């Protein structure tokens, strides 16, 4: 059994007196796709953002690739090169075209030559189906297209793991499918992914594990089949009931 | 949103469960403290070097230090003063004279520029095409010329082309305009009757304002008839007062007019230039304010059946004013600072008289500069404090 | 005017309809019509007099005042003294150097509106950044091939361009640093930056110039002398930096948190994040305000007159006391006014065009992607 790529040990975070994460532990195996789900306020986005240091925690450890993450600036920057993130509101750089969005981090942070970075960038854009939009500005792209560029941008740094923070929540229904297709493709090709999402169809078909969170704790962790067929806890049952009622997928 | 990259890198943390800071936070706060100490230390070193150089240089030039010069006799006359001052006045008194002159210029120009600016601004958005074009032409012409050029134009060209004292333009026989100045009559003395009349006029005006405010609060409209009657009463009382008192009329004696008050051409040029220049900017602020009130407001008001004049007064103007206040305050601050241009035309304002003449005579560069800077910083700070107060007050009302 | 129909009818019918509308409006608002007529009459009278004096009866070539027609403008004064107005007291043989300094900024700005060519942006940026150093060196000389010319001899439009451009270019990096400091997380840094900015913004430029010329020499190590031009330039630069810092700060405030997070997630450090992600967006969003500051700065260069420097305005004022050309203040000031007006109006037109282009590049979709 290989070493887990990401290991979270008894992570705790408070906002004042309110507990956002309560001694959460989680192991992410390399090549696996883990889905974090749960009602809003359960701490799933907070947990995700702790994994690349966007959020700080009060107690516990995060270990990535065997190295514990300490909150020193230099370490954080190194960590972020290893772990990529895709945001709910895409956060593309509006003043740069799609290709430059993808290549700017490898060039500036990764110090790659422009020609190499652009070649790799075009490959990535082709992989997400947007090679012909390489020179369009984000303002000229649809939401789904922007999110696909964002995925290509995160991939450009060749991270060891990819984090997705509700990647399709800000998209209209037509665009959701095109983004999910890319994510399915990534998961099937062995990318280590941790995804916070409400898209249970994606979770059912592609995730290796589902972690259900509520009030700062992981209440249930199981493979998709068992989770959807027979959730163990009452809260998970209630949650799944609500999801099924609103979404046929 | 003021979250900066630095915040992201440092990860501003919150207290742990017990409320005590975690070791990580303690480390970070210590680092921040250290950085700030280093910064302040570096600044202290630079300041120290500057002070050292200054002291050496001052000694080398044989210049004394200290604020005691404020009680010394100045020994020069000031061309225009609101308070009593002559060659025997102290430097402290001269400071006051300059300050009051600056404030006078700023205040008069502020009022005049606001009035003119409002007129031009309203013309900019009026449906009357020639008015709109002419006001736009005025604004574009005036705005793109330096204020100093305006000033020199007024002083060197316009005012110099006024007639000489002998052939001064008479305005109603009580005021005279020449290239040496504008001469206005002043009241000679006050006696009981005119004082009573004046008090009555002031009381009527105040009563009228209070009435208007009360009506406004109850969302009533002050009837135009009542407003006209109060206005008429105030006007009548003022006219009778003016007729009843004795005036000192400027009369030509020898080479110049005596009696009454003389407004020197430098002051007039300064006020005229400041007014015309700033009015253009005020006009743009007014225009932007009125246009910022969405078309929807206008349509809704029309649908309610309000007349165009009422729409302006009740719907457009109150909202426009809210938008106008910050840039207007900015413009006033600019105006206060622009009054320092008096130096160029020789009008004795604070900078001219204190930072110019007084500094030349006493050589107390550092002290004089510190005092002058303190005055202007206080004035501009007062303007921004006033703006903030008004903005906050307006916010409450809006909610 | 009443709203026109969406289709366009043939011209004669449209004219008839428009004049019909005009007459109807005029009948309804007689007061407005009167005001219009009065304004038009005044405009006609004034315009006719200006044309008559300024063009019809004007003299363009003459040896001195007596050669000018008294009924018209004496532009010969301007023509005669043009070299001095343009170059100040610069030695005649070296005037080409001053000419280059004067022409460089408009040339650079014209490049911005000319059809695009490769590397244009880099060229223009480099041109602006290097202008202060190159212009100063070119004018000062003292190098092999360039004879030395003291700063006392610099003047006229050359000095105006030099001071204006240099102050603007030099104040930019200072302004950016100040704005970043003002929004930093360290309280001491924030306070110092805020204090510095408010200090330079709260004083009149006249006072600042006096301060620069009188007090800065006291701050320098004993024995070190600086020419008056440099002192005045230092004062104007810091003054401009304070105003520009507030403009940049406004731009920074518009950058959403998501941009910082995305850049951080990609591994950008603080300075590379500012340089490649934050500042390009922040500065682009406040270009109109930046241009307004530049226009104001250009007009403010006239203030150097109060410390005895001979910018364009001051040198014309000095020329007015020439015995051969007495009483021509009007012509002189109009000349200065035309030059300033052209440059300032041109700059504001360019800014309007830039804003128009930017708005076309940012349809509503940008909102979702750019900020949170």
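Just so it is clear, A, B and C label the chains in written order, and each chain counts residues from 1 on its own.
The rule is simple: a contact is a pair of C-beta atoms (placed from the backbone, for glycine too) under 8 Å apart; a residue touches a chain by one contact, two chains touch by 3 or more.
Since the model is a prediction, treat every value here as computed from it, not as a measurement.
Visitor: Farthest chain from subunit C, comparing Cα centres?
Guide: For subunit C, the chain whose C-alpha mean is farthest off is A.
Visitor: What chain is most central when centres are computed from CA atoms?
Guide: Answer by centroid distance: C.
Visitor: In whole angstrom, what separates the CA-based centres of subunit B and subunit C?
Guide: 25
Visitor: Find the geometric centre of each of subunit A and subunit B from their Cα atoms only, then give the gap between the two centres in Å, rounded to an integer.
Guide: 57
Visitor: Which whole number of Å gives the spacing of the CA centres of subunit A and subunit C?
Guide: 49
Visitor: Two or more other chains touching the same residue: where does that happen in subunit A?
Guide: Each of 54 in subunit A touches at least two other chains.
Visitor: Give me the residue numbers in subunit B that touch at least two other chains, ranges are fine.
Guide: 8-10
Visitor: Could you list which residues of subunit C touch at least two other chains?
Guide: 256, 261, 263-264, 269
Visitor: Hey, which residues of subunit C end up touching subunit B in the complex?
Guide: 32, 35-36, 39-40, 43, 180, 183-189, 192, 198-199, 201-207, 210-211, 214-215, 217-222, 252-253, 255-257, 260-261, 263-264, 269-270, 273-274, 278, 295, 299-300, 302-303, 305-306, 313, 317, 320, 329-330, 333, 336-337, 340-341, 344-345, 348
Visitor: Over in the complex, which subunit B residues touch subunit C? Could you list them?
Guide: Contact set of subunit B toward subunit C: 1-10, 12, 32, 35-36, 39-40, 43, 50, 53-54, 56-58, 60, 127-131, 134, 140-141, 143-149, 152-153, 156-157, 160, 337-341, 343-344, 351, 355-356, 359, 365-366, 369, 372-373, 376-377, 379-381.
Visitor: Which of the residues in subunit C come into contact with subunit A in the complex?
Guide: It is residues 256, 258-259, 261-269, 272, 276-277, 280-281, 284, 361-363, 365-366, 368-372 of subunit C that touch subunit A.
Visitor: Under the definition above, what is the set of subunit A residues touching subunit C in their complex?
Guide: 52, 54, 77-78, 80-81, 84-85, 87, 89-95, 104-105, 108-110, 137-143, 146, 150, 153-154, 157, 170
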